[in-house]
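Two complexes, one shared chain (subunit A), two partners (subunit B, subunit C).
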Partner chain A sequence: MSNLFDLLVAGLATGAIYALVAVGFTLLWQTSQTINFAQGEFVMLPAFLMLAAMHAGAPFWLAIILGILLSMVLLGLAFKMLLVDPMMRHGVLPLAIATMALAIGIKEAVKQFFSAEASPFPSIVPTGDISILGHAVSLQSIGVLVLAILAVFGLTALLNRTSLGHQMQAAAQNPTVARIIGVPVERMILLTFLINAFLVALASLLITPIYLAKFSSGEVLGQAAFIAAIVGGFNQVRGAIAGGLLIGVLDNLAASYVSTQYRAAVPLIFLILVILFRPQGLLGRAEERTV
Partner chain B sequence: MKSTLLAGALLAFAAATCAHAQAIKLADVAELSGGGATVGTNWKNGIDLAIEEINAKGGVLGRKLEVSHADSQSNPGVARAQVQKALDAEPYVLLGPGYSGSVKVTAPLAAEAGIAQIMGGEAAELTQGGNKFLFRTSFGQQSSMPKVAKYIHDEMKAKTVAVVWVNNDFGRGGRDVVIKELDRLGSKVIADLSTEAGQADFAADVGKIKAANPDAVFVYLNEEESARILKELKRQGVTAPLMGETTLIGQKVIDLAGDAANGARGHVGLTTDAPVDLIKAFREKFSKKYNYVPDHNGLKGYLAVYMVKATTEKMGKVDSKAFADTLHGLTIKAADEPGILMDVTFSETGDIDRQSFLVEVVEGKQVVKQVLPKVK
Partner chain C sequence: MSGFAKPLKIALGLAVIIGLIVIPMNFNRYGLFILSQWAVMTIAAMGLNLTLGYAGQVSLAQGAFVGIGAYAAAIMTTHGWPLPAAIVVAIILSFAVGWVLGYPALRVQHHYLAFVTLAFSTLAFLVFRNESWLTGGIYGISNIPRPHFFGIATNKPLPFYYVCLGSLAIVSLAVWWLIRSPWGRAFMALRENPLRAQSLGIDTRRYTLMAFAIGSALGGIAGGLYAPLTQYIDPVPFNLSLSLDLLMMVIVGGAGFFLGPFLGAMIAVLLPEWLRFTEGYYLMLYAIAVMLLLIWSPTGILGILDRTMAARRTKAASALRAVAKSRLETVQ
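Moving on, here comes the complex of A and B:
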């Protein structure tokens, strides 16, 4: 029982990070029909930007701020202007393939500049245990979970409770009508790219102390988040959150109760079942777009 | 005048040919580029250092040593081609490669040519196929794991043990031997956990260890995964003592795992931190020549050349066909041949028996806690 509790906490902590990345998937899809196959590499890169800042002499807190800002410029602004905008007119598939090329490019560039070996990365959350319901739970797991949930709640509040959020939803649901009623659609789309960049930078900050900073670490994350987004519902932020948490927990339970060798297969089998029986995802709605 | 010139030229040619014939040719195939570049470069530099020393003292039986280096690119296919090319030049002894996978595919070629191969691979199976020409420079798993199991049973007093291993040839080989030995000694393996190479998340595996609550945990993974599991063990508050091999307590793992590596213990066959005067002297010479501190692969390359020297001097002649027979069963004492650094005995299978070290990570540094004697 104690083991199950530990597994659930660890699974939720990992799942919360998957959720952050998966939310980015859905945001980009909703506003610009971009399926970003470089999303995993987007999580890997900010850690290296922060490491570069630290190597240059910046303290950790400053490196975090610089890393997040640089990520928003590179993975938000530059990504949209230099890759998505020129490719969007050619359709969804060429754009998706362009993001695959981008993923390879980012990985190779990081390998070239930082080496193929893993590097350690400091943790923003202190190590140690706290007692919850008589169980010793690691502070790091709780910290990751809390930060990720705060980010997701913040985003949901932004989308549902503010004028800006309503404008973003309008731009996603019907850009033509949104333009007619005065919503700056282009600016709203750019904003979703910047939000995605912020989310992946945050995910990077939280996951890298556990996974280590390595050029290839985005592969696992990108795949897990993509599965989470589809399982939860590609057209719903709340679906991506639920999908992320579910995949995180499922992965940990499968590794523990099924077999470590087949742990990677279990979420994929679950994905196939969802596609077969509920193609819009667990919380998604067929033929509808909202953010 | 013409005839004098011709005679001079002939004399020079004869002298050159004679000098060439006198040199003993060694061939080295190593991982000089690709993923194993650190391994291969250390190995090569160790070889060059040993040859320079030996030649400076007059060579072996009055003949100089010469070595050709070829790059396997850390790729077994390329290693095979390079070894074939090296064997075509009929070397006295073949040195390398360092990767077990490359040794596995090249060993049959050297055996077919009847040339002794002194290599750096550590996988247990390499010397179990009856190859009469293959020799190790370091422990194979069948030599190191019994020492590990004995330490877990005798020194850690562990009645129950969790074994975590990586699911590849290296991990499975080590796991099989250590479980057999623990069983023989009476320590019960209560968790036998396989993990995947490149695995990032160890929460579930550590959860299982925590649930099993063993007296000790044996960790046998590659370096990066070792660092990740050390962090996760600390994160989940596992306090059982940790035991491993070089891959658990290497400097790279310590750098990656930080505080989480403190307290981890490991068995190390060769280390430049060993409290042995000859090894300290080697480390100093190597560092002075190459401007960096060698790892155990530098030691292996250095030892390989001194194995050639000691065996040849034992035979009293340079005979590549008799070399392997002579080295089987040979004990080389450091008192007689300081270049061999520590007393070593070669078995009939080409495995080695030598003293080794028990290392603990203390405040981010490897500290040799105990010298483990030769098995026999």
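Moving on, here comes the complex of A and C:
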């Protein structure tokens, strides 16, 4: 039983990180119909920005702040202005393909300018175990879980309780009407891109100490977040949160109860089942068909 | 394309075909390998273009179908079967898997095929990697023989390049015929307006499924050629990135244009090779080139051509109208 408990905690911790990434993913989709195939690389990059700052002599706390700010400039502002804005009106697919190219570009740039090898990354949560209900649980898992949950709660509070959040939701749900009632839609869309950049930088900070910083680590992460978003419901922030947690737990349980070889298959089969029996996602709304 | 005079178009086409036959004769081994790879990837991209460009469905599993074809060919030819028989099996297998995969996905909702194929792509990779009794696992299958045709061995790079080129020609003719047949027109109706197509009595689900399964079968053919081309296969080349690369080829070349996959595969296979002199930067430059191209023309390379042709036609037409009008005025 202690094994199951550990697995659940570890699964929830990775799941919470998937949830952060998946939430950003659905935010971009809702406000600008951007399917970001580079989302995994967006998580991979900030860790390297922070490492670069530390190599330049910055202390860890400063490197974190610089990394997050730089991510918001590069992955938020520059991504939106240089790639999304010129392509948005041409439909979903060309932009999705352009983000695939962007993913290749980011991966290669990190490989070329930083390293092709995996680098260790310091943890912001102290390592070691604590005892909960007689089980030894890794502090890192608990710390990751707490921080990710705080971020998600902060975001949902922003979206549901503040005027800014309501304006963002209005801009996402009906841009035309939002514009008429005076919501600065363009600024709201930019804000979601900045929030996404902040979320991926935070995810990067939390996940990299566990899996090391490597140029190719975005592939697995991006796919996990994508699956989490579909499973939870593509058009719902709380769906992405539930999807992320669920995929994280499933993945960890599958690794020890199914087989290590086919652990990656379990979330995928689950995805196919969800699509067959609840296509709008577990918590999603069905989309109306447009003619 | 109709801006060209027809004889000019035919002459240009013939020149390209003769060029593809004659010029590679004094290429080295590596050049021939790259060119053969272009032919193989063009076949796979043509299949995806049927699914995406003509029937309007996104498939993220074309790379997995190339893998299925490659493993079918590798397993059969290393057990003494001739390559054509293996390719027939590859076609049947990919078509059947495509049908089984597409049937439930298209039952639910239109764009869910993309999600199901995304999952399938990784599942197929896991099967290639883990079922070592069949696929050799991570060690793969080596010593894949190249075929003999009419007593001529194609072991050398040049003869095998002609096998790839010949297969490309056959597939191109078949696709050319298909998109001009009533089926092809039905596929396009699905892309343009699925609801209207349905109200006109087209069984949309069946036709979409058919386009996807035929497209997947072309992926299988490409795989059947890929295995003897590289003579060694392992699971790595058939992961999700191949599917994404193929999707990129179709969009960059121009989805829904017959010649789109030829150009897209050329960019994806040849451009990185041309950029090799920049060493570590070549894939980065390739990625930037693709992004710039898509910002400039989201409909791909042929989209640019199409627009210039259309602009020229409108210009010519308005010039003719102006002439006609002034003539009318002078008569009055």
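Descriptive notes on the structure:
Note that in this section the second predicted complex is superposed on the first by the 287 of 291 C-alpha atoms of A that agree within 3 Å, B and C clash if a C-alpha of one lies under 4 Å from a C-alpha of the other, contacts with A are read in each partner's own complex, and residues count from 1 in each chain.
The working rule: a residue touches a chain if its C-beta (ideal position, glycine included) is under 8 Å from a C-beta of that chain, and two chains touch if they have at least 3 such contacts.
Only a predicted model underlies this, so the values are computations on that prediction, with no experimental measurement involved.
Once the two complexes are laid over each other on the shared chain, residue contacts for A:Q261 go to subunit B and to subunit C alike. Once the two complexes are laid over each other on the shared chain, residue contacts for A:E117 go to subunit B alone; subunit C is not touched. In the overlay built on the shared chain, the residue A:L93 is in contact with subunit C alone; subunit B does not reach it.
Contacts of A:F226 after superposition: subunit C is touched, whereas subunit B is not reached.
Applying the stated contact rule after C-alpha superposition, one finds that A:N252 touches subunit B and leaves subunit C untouched. Of the two partner chains, neither subunit B nor subunit C is touched by A:P184. In the overlay built on the shared chain, the residue A:G154 is in contact with neither subunit B nor subunit C.
Shared interface residues of subunit A (contacting subunit B in one complex, subunit C in the other): 261, 264. Interface of subunit A with subunit C (complex): residues 37, 83, 86-87, 90-91, 93-95, 97-98, 100-102, 104-105, 108-109, 111-112, 219, 223, 226-227, 230, 261-262, 264-265, 268-269, 271-272, 275-276, 279, 291.
Those residues of subunit C whose C-beta lies close enough to touch subunit A in the complex are 58, 104-105, 107-109, 112, 115-116, 118-120, 122-123, 126, 129-130, 195, 240-241, 244, 247-248, 251-252, 255, 280-281, 283-284, 286-288, 290-291, 294-295, 298-299. On the side of subunit B, the complex with subunit A involves touching residues 35, 167, 193-196, 198-201, 203-205, 207-208, 210-211, 224, 227-228, 231-232, 234-237, 252, 255-259.
Taken together, the subunit A residues at the contact with subunit B in this complex read 2-3, 6-7, 10-11, 14, 116-120, 127, 129, 136, 138, 140-141, 209-212, 214, 216-217, 220, 251-253, 255-256, 260-261, 263-264.
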